[in-house]
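Pasting the structures in now, so scroll down.
You will see chain A twice below: alongside chain B first, and alongside chain C after that.
Entry: the complex of A and B
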């Protein structure tokens, strides 16, 4: 993936999060405070507006800084800081090996900043397993990522606002896990129209 | 749903513009950071903030005797680190900055990132995290709710006394060990960014253990009379407090008529008296709201002469 493709993918996320705003909001209304959809949309609106050129590293870093200063909540620093961290390890073109490395960094950053491990019903459950569903060709397929998010449905939240509901948080996919599906899918090295 | 909101995207900026027009003593920097027009020349500077929708918290408490800055996020959404950093840089007079953070993962993360950035620029910054909502069993995970306003006032008093950053932090943290709150709602709030109610309640139901963001409560129960509700909430609070002398705050959630809040006050005070608990200081009003939610919260803490003096000390805020 070169810088042009990465930029297109990140800009496309603005449309994706506009489409999915209601879906994310509905999930967040069940086990959070109902604003995840609107926050993610605001974040990627800002990315589309402010991140318009540069190398792979520049684009990832600017995306991170923009997300950090526009999403708010916990998702803002988690996604934002992760992109900044990924920018430090990104190569001039992202190949399968480099993408693997970026996914590791994404997971490590979320784990460290969010003080979260697997099975706590968070975005980490998707991000940390993305490496496992990464195809040999570098594909991060939507349906594979979706399965990881769907796995959070039966989990009991122990981190974030959903954790206030303890057992009652079961039965709903974690909104952060769901938004992570779309972000990771944007990093897929698959060439075809998505 | 009819609301006095022109554009939901401009809700926070319109609200802050109006707040500023009404209060000649404040300024707004970096779009969403409310500061005192007259900067404090010495003494620990106090910053709080969080999502909007809790008015008068926190911007209404930016005033002599209380906060130096309030960083306002979108409705119910933590502000971002760059804004918190702007606040720190603006208020720091060399005596250090104390951030009063409500315990939400977003708020804590964003404020702490700003703290790291500010420290890298040479500012002395520390933080206290308010966790007064006993609806959450795990003490570490408890949310910061109405009790936060008492922390603002106490810290403001300590700062005006000329105490050091370390002392203000230590004393507020010690105060917070007995600070506990619990809330209830008879009607949820409408979240303007989505146009939806935070949760739905049937006519015969009430929600106990609500947060201040339209999130559901912890228990959904059959609606009861006010005296029984007062008993119910106080029983929860007594689990964490056996003091015979208390400071009490009865806080409206934003959509509760003052008349009803006074009805609540009558029964809460009667219930306290029944249990032999003496109230040395009572505060009643809308201090920390959740938009138009109908309901109230009770905050109690152990009586302490210095804290009562702090709560009664003059303040330039219209809302305290």
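Entry: the complex of A and C
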């Protein structure tokens, strides 16, 4: 994936999160404060508006800084800081090996800054397993990622706002896990648009 | 002289703590910010902005939830020349103790050591 393709993918997330706003809001209304849909849309509106051409590293870093400053709550800083950290390890063109490395950094950053490990019904449950569903060709398929998010449905939240809902959080997919599906899918090295 | 930085979810807590400290330990530099827009929250941008204005080594205090995460990220991305530390002490008692210690000339290591006994 070169810089032009990366920028297109990240800009396209603005459409994705506009389409998915209602879905994320509905999930977050069940087990959070209901602002995840509007937050993600606001974040990627800002990315579309502010992130412009540059090297892969520049684009990832600009995206990170933009997300950190435009999304409230914990998800914006976590996604944003992860993009900043990924920018430091990104090559001039992202190949499968580099993408693996970036996914590791994404997971490590969310774990360290969000103080999460696996099975706590968070975005980490999708991000940390993305490397496992990464195809040999570098594909991060929507359906594979969605399965990871769906696995959070039966988990009980112990972190973040959803933790206040304890056992009641079961039966709903974590909104952060769901938004992570779309973000990771944008990093897929598959050529064809879905 | 070591400076103090306060990040709170509430504008009133930030400014109230700042005025408390400034009255009790005059001459100590306090950077304080809280809330996002007219509401409750913290934002990494406001921490970056405060860090850009520090002129010496600085001890940072935070309140609840994501303020620590935002603070940690801002400190990790800080590219200035000063030593920026995060204290896991209660925001009012901790920053007050730090201000008094600064005013009597203690250095940042001594103050951080004192604060480590005040974990919230």
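Here is the rule we go by: the second predicted complex is superposed on the first by the 194 of 194 C-alpha atoms of A that agree within 3 Å, B and C clash if a C-alpha of one lies under 4 Å from a C-alpha of the other, contacts with A are read in each partner's own complex, and residues count from 1 in each chain.
One rule holds for everything that comes next: contacts are C-beta pairs under 8 Å (C-beta built on N, C-alpha and C of every residue); 3 or more make two chains touch, one makes a residue touch a chain.
As the structure is a prediction and not an experimental result, all values here were calculated from the model.
On the superposed chain A, the two partners chain B and chain C do not both fit; they clash. Contacts of A:84 after superposition on the shared chain: chain C is touched, whereas chain B is not. Of the two partner chains, neither chain B nor chain C is touched by A:138.
In the superposed model, A:163 makes contact with chain B only, not with chain C. By the touch criterion defined above, A:176 reaches neither chain B nor chain C.
Of the two partner chains, chain B and chain C are each touched by A:74.
In the superposition on chain A, A:114 contacts both chain B and chain C. Measured by the number of chain A residues touched, the leading partner among chain B and chain C is B. With the complexes overlaid on chain A C-alpha atoms, the stretch of chain B that clashes with chain C is 110-118, out of 2-10, 20-28 or 110-118. Within chain A, the residues touched by chain B in the first complex and by chain C in the second are 68-69, 72-74, 77-78, 81, 113-114.
Partner chain C is touched in their complex by these residues of chain A: 68-69, 72-74, 77-78, 80-81, 84, 113-114. Of all residues in chain A, only 25, 29, 32-35, 37-39, 42, 68-78, 81, 113-114, 159-161, 163-165 touch chain B in the complex they form. Residue ranges of chain B in contact with chain A, taken from their complex: 51, 73-83, 104-106, 109-110, 113, 135-136, 141, 143, 191, 193-194, 196, 198-199, 211, 213-216, 218.
Across the complex, chain A is touched by residues 36, 41, 43-45, 65-66, 69-70, 72-73, 77 of chain C.
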